[in-house]
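Here the structure comes first, spelled out in C-alpha cells, and everything after it is commentary.
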Amino acid sequence: MVKQKYLDKAEVLIEALPYIQRFNRKIIVVKYGGSAMVDEELKKSVIQDVVLLKLVGFKPIIVHGGGKEISRWVNKVGKEPKFVNGLRVTDAETMELAEMVLGKVNKELVSLVESLGVKAVGLSGKDGGLLKVEKKFSDGQDIGFVGNVTEVNPKILSDLLEKDFLPIVCPIGMDSEYAAYNINADDAACAIAKAMHAEKLAFLTDIEGVYKDPKDPESLISKLFVKEAKELISNGNVGGGMIPKLQNCIDAIEEGVSRVHILDGRIKHCLLLEIFTDKGIGTAILRKEAIQHYDVQ
Amino acid sequence: MVKQKYLDKAEVLIEALPYIQRFNRKIIVVKYGGSAMVDEELKKSVIQDVVLLKLVGFKPIIVHGGGKEISRWVNKVGKEPKFVNGLRVTDAETMELAEMVLGKVNKELVSLVESLGVKAVGLSGKDGGLLKVEKKFSDGQDIGFVGNVTEVNPKILSDLLEKDFLPIVCPIGMDSEYAAYNINADDAACAIAKAMHAEKLAFLTDIEGVYKDPKDPESLISKLFVKEAKELISNGNVGGGMIPKLQNCIDAIEEGVSRVHILDGRIKHCLLLEIFTDKGIGTAILRKEAIQHYDVQ
Amino acid sequence: MVKQKYLDKAEVLIEALPYIQRFNRKIIVVKYGGSAMVDEELKKSVIQDVVLLKLVGFKPIIVHGGGKEISRWVNKVGKEPKFVNGLRVTDAETMELAEMVLGKVNKELVSLVESLGVKAVGLSGKDGGLLKVEKKFSDGQDIGFVGNVTEVNPKILSDLLEKDFLPIVCPIGMDSEYAAYNINADDAACAIAKAMHAEKLAFLTDIEGVYKDPKDPESLISKLFVKEAKELISNGNVGGGMIPKLQNCIDAIEEGVSRVHILDGRIKHCLLLEIFTDKGIGTAILRKEAIQHYDVQ
Amino acid sequence: MVKQKYLDKAEVLIEALPYIQRFNRKIIVVKYGGSAMVDEELKKSVIQDVVLLKLVGFKPIIVHGGGKEISRWVNKVGKEPKFVNGLRVTDAETMELAEMVLGKVNKELVSLVESLGVKAVGLSGKDGGLLKVEKKFSDGQDIGFVGNVTEVNPKILSDLLEKDFLPIVCPIGMDSEYAAYNINADDAACAIAKAMHAEKLAFLTDIEGVYKDPKDPESLISKLFVKEAKELISNGNVGGGMIPKLQNCIDAIEEGVSRVHILDGRIKHCLLLEIFTDKGIGTAILRKEAIQHYDVQ
Amino acid sequence: MVKQKYLDKAEVLIEALPYIQRFNRKIIVVKYGGSAMVDEELKKSVIQDVVLLKLVGFKPIIVHGGGKEISRWVNKVGKEPKFVNGLRVTDAETMELAEMVLGKVNKELVSLVESLGVKAVGLSGKDGGLLKVEKKFSDGQDIGFVGNVTEVNPKILSDLLEKDFLPIVCPIGMDSEYAAYNINADDAACAIAKAMHAEKLAFLTDIEGVYKDPKDPESLISKLFVKEAKELISNGNVGGGMIPKLQNCIDAIEEGVSRVHILDGRIKHCLLLEIFTDKGIGTAILRKEAIQHYDVQ
Amino acid sequence: MVKQKYLDKAEVLIEALPYIQRFNRKIIVVKYGGSAMVDEELKKSVIQDVVLLKLVGFKPIIVHGGGKEISRWVNKVGKEPKFVNGLRVTDAETMELAEMVLGKVNKELVSLVESLGVKAVGLSGKDGGLLKVEKKFSDGQDIGFVGNVTEVNPKILSDLLEKDFLPIVCPIGMDSEYAAYNINADDAACAIAKAMHAEKLAFLTDIEGVYKDPKDPESLISKLFVKEAKELISNGNVGGGMIPKLQNCIDAIEEGVSRVHILDGRIKHCLLLEIFTDKGIGTAILRKEAIQHYDVQ
C-alpha cells in the first residue's frame, strides 16, 4: 500500500503545475539581503528556492548585498564604519575592503548553489562592464566611492543565462574612469531587472511587507498598485527606510517589470511560498491592468 | 503568520530538487495502458504527471494502447473479437477499426495534455515512417495484420522534442508495402525507448509489480537486475502474461535504456511517486552496475 | 540515336523551369476533397502531384475532408446522417465517429505520401493547438459539435515544414473547453492558408470552375478578380453551394494569400496542370494588381 | 476539356519523381566541354539542364574547359598554338592568355545561368586556394605552365553551395609559389568530384560513349564496371584519347564518387536524358555493387 | 638584454590598439587603382595592408580597375583605344577584351592575397548578380558597353565575408538582358560601399589628396566636410578629374558610409598609415557630426 | 612628405603579419604573477599585450596569483604568514583572506582590461565548477586549505570565449564538499591550459628563463625539448624553485599544449616580444617534432 504521505506529496507537486507554467523561461531577479544572509538555515532555504526555480525552467538572477559583513571587516582592520543619511561613507580603503568582502560573499553563494547541482557564476558590476555608475552625493555632501547606476550592459547576463548558468551579482560598479564604486544593492537589483526585462523582481527584506498604517500589524497590504504606492509615499504614510525601496518598486514596474515583491526573508522558503501558492505572501506591487493576467485561478 | 501547510508544501518541492536534477533533459518513455486508460480520475492523474515531468525539464514520450476500446467497437459494428495466444486476430475490417479507435484515443490524449497548457502532437507509427513492421505469426498461424517492429525511424520524435512538443504515439506500423499493422503497445514502447536512447521506460500496468512468488503478495520485488529477471523467466517463476513484458524490459536495458519500471497504474500519480520519492514503487529492472549511479542519497 | 520521345520529355521538364522558380520555397495549401478522394486513380494522381511539388522545392500542406466516408460509417453503426442547410448535425456520437473516420483517412494519406518517398505527418486541429473553434449555429439552430475557426496556432505547421515533413491536416478543432468539433474542410484550409501566409490556396472540387452563367458551360471564367467575385455573389449569379466557397476565396486573398484556385479534381494531375502550364485550368481568383506579377510569359 | 498534350506533360513530370528523389541534395559535378561549348543551342540546353537540376534540389558544380577559344586567341595575338602529346605547351604569354580566355568563358557561363534565375559564382582554382598543382612534364619534357592537381581545398565550394549559389569553375591552379598553371579540365573535374564526395560526375564529350570495339558503332557500352574498364585499358581496346578519360572515371569511382558518366554532349539535354529516363544514354562507369542501389525500377 | 629595437616594435603594436578596436568587424571598401597597381613594390604593400586589416578583425573588400592594362591589350590586338570625355568607347570587341583583362588582374590579386595566407575570392559584378547596370551615354552620345550601376545585390559579398573570405571585385556589370558592361571602378566601389553599409571607403589615387587651390601644393586639405566638398565643386575650385571622385565621396557619405578617404597610392602602406596613425594622410571626407566620434585621442 | 617614422611603424605592423596568422583563434593561457603584478607600469604593459592579442584574433586566458598581497593582508589583520616547503600554511581565517585578496586582484585586472575596450569576466575556480581540488599535504604534513587540482570543468571558459569575453581566473578551487581551497597559480594555469587544449602557455616570472648552469648568466637556454628538460631535473642542474615550474611545463606539453614559455615578466611587453619577433625571448619548452611547424621563417 502506498502511504498517504506520498500521495500528499504528489498532490503538492501537481498543484505547482500552473505556477511553473506561468513563469516558464521568465527572468526573476532576486535581491538577497538582510537576515536571510546571516542565518545559516535561512541562507540555505533561499538558495534551495532559487535552485528549484532554475531547475523547473525559470531564469533567476541573484543580486546580493553584504552590509553587515563589510562593517565587521572595517572594524577588523581597526576603522570605524561611518554613515551619512543611511549611506556608508566610503573612502578608498573602505572601498577596497567592501569589494573584498562582497567578492567573498559572492563566491560563497556560488559554491552553495553549485553544491546543489546548478552551475553558477559570480559577477561584480565590473565584469563585462555590467554596471556603470556616477558618483553619488548625499545632500550635496561627498561620501566617497558611492555610485548611482547610470548604465547597465546586460550582455554578460544574457550570455550566461543562454549557456544555462545562474548569475550571482554583487553591487560594485565602475565610473567612466574605471574606478570601483559601491552601489546600494536594491538599486542594483532594480537596474538589472529593468535592463533584463525581468518578469519579476523580489526583494528579500526583514519586514513582513508594506503596511497601510506602519503601527498597525493588521494593516499589511497584499497587493499594491503603482498609483496607490505613489500615494503612500506622498501621504507620508510609509517610514523612511521604506521610501527608496517603494520608489525602486515603482520604477521597475514603470519600466516594464511585471511584478515586484517585497517579501519577508525571515520566513523559510518565502520565495517558493510567494510563487507556488495562490495566496502569496508579503506585498506585491503591480500595474492596475496586470491583476487578471497574473492570477491562475 | 504563514500557515504550517504552506511551509510543508515548500518542503515537498525542495525534496523534489535532486530528482529533478537527475533526469533533467532526459527522455522518458511512458507506456500508458490498462486501468489507467479507463478510469477518468486515473487518466487525469497520469496526464498531470507527464505534463509536470515535461515542465520541470524531462522529455517524456507517451506510447498508448487501446485494447478494450477496440473490442467495444468491434462489437458495435456487429463482429466478435477473436484472439489467438492473447493476440487479436486482425482481419482487414478489424484493422481499419483498430486504426480508427487508436486514432481517436490518441487525439483525446492530445487534448487532455493541451488542456494542461503543454503542446502535444499525436502520431501513429505511420507518421514520418516512425514504425516499420513485418507480419507476425502466432505459432506459425496467420493472425492477420499484426506486426513486429523491424525498424524505428525516430527523426519525427527528436524533431518534435527539439521543438518542445510532447509526442503521443499509438502502436500502428507500416510494412514494406505501406499497409497498416497493429503492434503490441508494449513492444512499440520498448522499440521507441531503445531507438531514442531513453533514460527510463515506465510501463503502467494493472499489477503491483513483479513477485518472487506470484502467489505471495508479500514477495513484491523492488529492484530486479537483468540477470535475476532472466532467471525468473527460465525458472518458470513468472506467469504467462508477465513473460513478454519482462522480456521487453530485459531487451530495453540491454540496448541502452538505463532503467525500466513496472508500475501499478491503478495508483494515482504512480509516475511521480516513482520518480520523486526515494523509496519508489513497483519493480525497477536495471543493470547491476547502475545501482549506485541512480540513487540520489 | 536518341528517340524523339525522350527529347520531348526533356523539353517538358525544361518548360517547367520558370514555374518551379516562381514558387520555390513558397507555401501551397491544397484543400483535398470530392471525387478526387473517392476514385483510387485520382487519389493517387493528387498525391503524386503534391509529392512532386514538395520535391521540386514547394512547401505544400494538405487539408482534407471526409464527408462521404463519415456518412458511410454513421450508417454502419445504425444511425441516419442528418443535415441542416448543408451542415451535418453532429451529436456527440456522430462527432466521435467523425473524428475516427477523419483520423483514418488522414493516416491513409500519410502512408500514400510516404510510399512515394516523402515523409509526412498527419495532424488534426488538436495537435499543437492548431485550430481553435467556437460553436457554430445554423440560422440560430443548435446543430451540435460544428465549429467556426477562431484562432490558428501555426507553430506545429512551420516546425514540420522546417524539418522537411509534409503536413496533412484533418478539420477537427477544439473549443475553449478542449472539446472536439467538426470544421468545414474549406474553412479549415482557408484559415490555415491565411495563418501560414500561403502563396497559393487550391480547392479540388467536383466542378470545372466558376461560370458567368451557371447554365452555360461555355461561360467558364479563367481569371476572376476579387471585385468581380464579389459582384457575382451580390448579383445572385452563382449557385448556393458556390457562395461560401467564393467567400472563402475572397477572404483568403484579402488576408494576403496571393492566388486562390478552384480546380476540377476530376481531372488527373489537375494541380500540376494548373501550376506547370501557362494556360492553367479551372478558375483563378486574384487581386487586380497581381496579374502581371504572376504570369511568367 | 483538357487537351491530351497537357495530360502528357503532367505524366512526364510525374515520371521524373523517383529520379528527383534519388539525387535530392546530392552533388553532381558536370565537366562541360567540347561541341556543347561551341554550338549556341547546345550551350543553352546544357545550362538549362544544370539550372533545372539545381532547382529540383540537386547541387550541381560546373567545371569547364576552353581549349578551342584559347587557340583562337593565341592566333589572334600572332602566336602559333603548340602541343606535345596532346598537351598544350604553355609559355608565360600563353598562360596569361589562357587565364584571360578561361576567365571570360567562365563569366559568360555565369551570366547565362543568372539569366535563367539562378545565382552563380565563377571561380578559378585560385579562389579560396581551391586547386593546388605541381608542374607536369610530358615524358620528361618541360611543357611550361601545365599542372597536375595535388591538393583540393573545397571550402569555397561547400560554402557557396550552402549559401545556395551554383559554382562554375575554370581549370586554373596555383603551385606552391602561387604561380598560375593550366590544368586539364577533365582532371580538374575529377579532382573536385572526389574532394566534394560527389554522387555523380558527368563528362560532356564529343563521342557517344565507350565502345567495346571502337570500329563497331553497335558496340556502345551502357554500363561499365570498374573492373571491365581496367581490362579495356590493359587490353588496348580503347583509343588513345579515351585512356586518360577512362582513368579519371576509375579514379573517381575508387575514391568514392558513386557513378561517372561519359555523355554525348552533342545531344540536346543529354544531362536530363541521362538522369530522368530509365534507359539513360552514353556510358555509365560504376562499382559492381552499386547497380542495385542506383536503379529505380 | 632585450634590444631597444624590439621594445620599439612592441610600442608600435601597442599604439595600434585603439585603432584596431575602432574598426573591429567593420567593413572597409578599398578602391585600388592608379600607380599602386603598376609598381610591383607598391602593389605588394597595398595587398599586405589589406591582409593585415583582415587579420586584425576588419572586413575589407577590394574593388579594382585596370585601365592601363586594358589599353595595352587593345593595342596588342591591333586596335586603337578611343575615349570620349574620359570614358572609354567600348565596342563589343573592346568589351570582350576588357572583361578578359580585368578578370586576369582580378585573379592575380587573388593569388597575391592567398600567398600571404588569407583566403580570397575574385568576383566580377556578374557573380551572384552583384552589379546591375543600365547603358550610360556621354552627353547623349552612344559610347558602347559602358554602364551606370542601377542595383547592387550584395548577398554574395556578405556571404563571403561571413565565411571569412576576402572579396576582390572587378567593375563589370550586367544589364537587364544579361549583357556585360564596363563600369568606372570608382563608381563600382562607391555603389558597393553604400550597399554594404561600409564604415570606410578609401580611394587609392595618384594624387596627394584634395587641394584648396590645385596650384598650391601647400593647400592640401586634411579634413573636408560634405558641405565644403559641395562648395569646392560649385565654386569650380577643383579640376575636372576630381569632380566625379568628389561627387562619389559625397554620395557615399550621404548614404551612410561614415568616412571616405582620398589617399596617395604612391606612398607605401598608405592604408595602414591612414588607419593606424593619428595624423592620417591624404584627405578625409566626412559628415560634420562625425568628427568627435572618429577621433581616438 | 610622409615622415620616416610613420613608414617604420607601418613596417613593424607588416612584420607582425605571419605571427598573427600563426595563432589566429588559438588559445593562449598567460600565468600572470611576480614583479609584473606589482610594478604599475609593467602591469599596464602586460594587460596591453593581452588585450592586443585578443583584438588581433587570439583567445587569451589570464590566470593570476596574488601571493605578496595576501601576505600584506595577513599582516594587516594581525597574523603572521607561515610557510612549509614554500607552501603557505592556510588555516580557515587565512583562506578567507586569501579568497578576498585574490578576488580583489581579479576584479582590478578586469577593470584594467575593460578600460582598454575589451570585455573581461573575472572568475575563481568556483564559478561553473571550474577547478575541483583535493587536499594537498606537504611531506605528509597538514598545511590546511591548500589543494591539488583533480578536475577541470572548462565549459564556463569556452562559453565565455565563444561570447567574446576575456576570462581572468584566480586560483581558488572547491573540494568535493564545496569548501574553498588555495591553489598554486602555476598549477592552476597548467591545468587550465591542458583542459582547454591551449596552443601556448606562458609563465611570466621574475627570472630570465632556464639556465644550463644557474650560476652562468650566459647559459640561458632559448629552446628546451621535453627530453632535455627532464634531464635538467634528474641531473640536479636546476634550482629548487624551478623544478615544479619545469615539471608543469613538461606536463602541459605531454598533454597536448604545443609550446610553453618561461618569460621574464620584468621586461616590458615581454609577451608581444615573444610572439611577434622571430628571435623570441626567455625559454621555450617544446616537443622535439614541433620545431619545424612553429617557426615562421
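For clarity, chains are labelled A, B, C, D, E and F in written order, and residue numbers in each chain start from 1.
We adopt the following convention: a contact is a pair of C-beta atoms (placed from the backbone, for glycine too) under 8 Å apart; a residue touches a chain by one contact, two chains touch by 3 or more.
Computed from a predicted model, the values in this text were never measured in an experiment.
The interface in A-F, A-B or E-F that matches B-C, meaning over half of the contact pairs are the same by residue number, belongs to A-F.
Mean C-alpha position of chain B lies 55 Å from that of chain F. One simple way to say how far apart two chains are is to compare their mean CA positions; for chain C and chain F this gives 68 Å. Rounded to whole angstrom, the centroid-to-centroid distance between chain C and chain D, based on C-alpha atoms, equals 44 Å.
Chain A has no residue in contact with two or more other chains. Going from chain A to chain F and on round the loop of contacts, you meet the chains as A, F, E, D, C, B. On chain B, the positions that touch chain C within their shared complex are 76-77, 96, 99-101, 103-104, 106-107, 110-112, 114-115, 119-124, 126-129, 155-156, 159-160, 163, 165, 172, 174, 178-180.
Listing the residues of chain B that touch chain A in their complex gives 2, 6-18, 20-21, 24, 45, 48-49, 51-52, 55-57, 116-118, 267-269, 272-273, 276-277, 279, 281.
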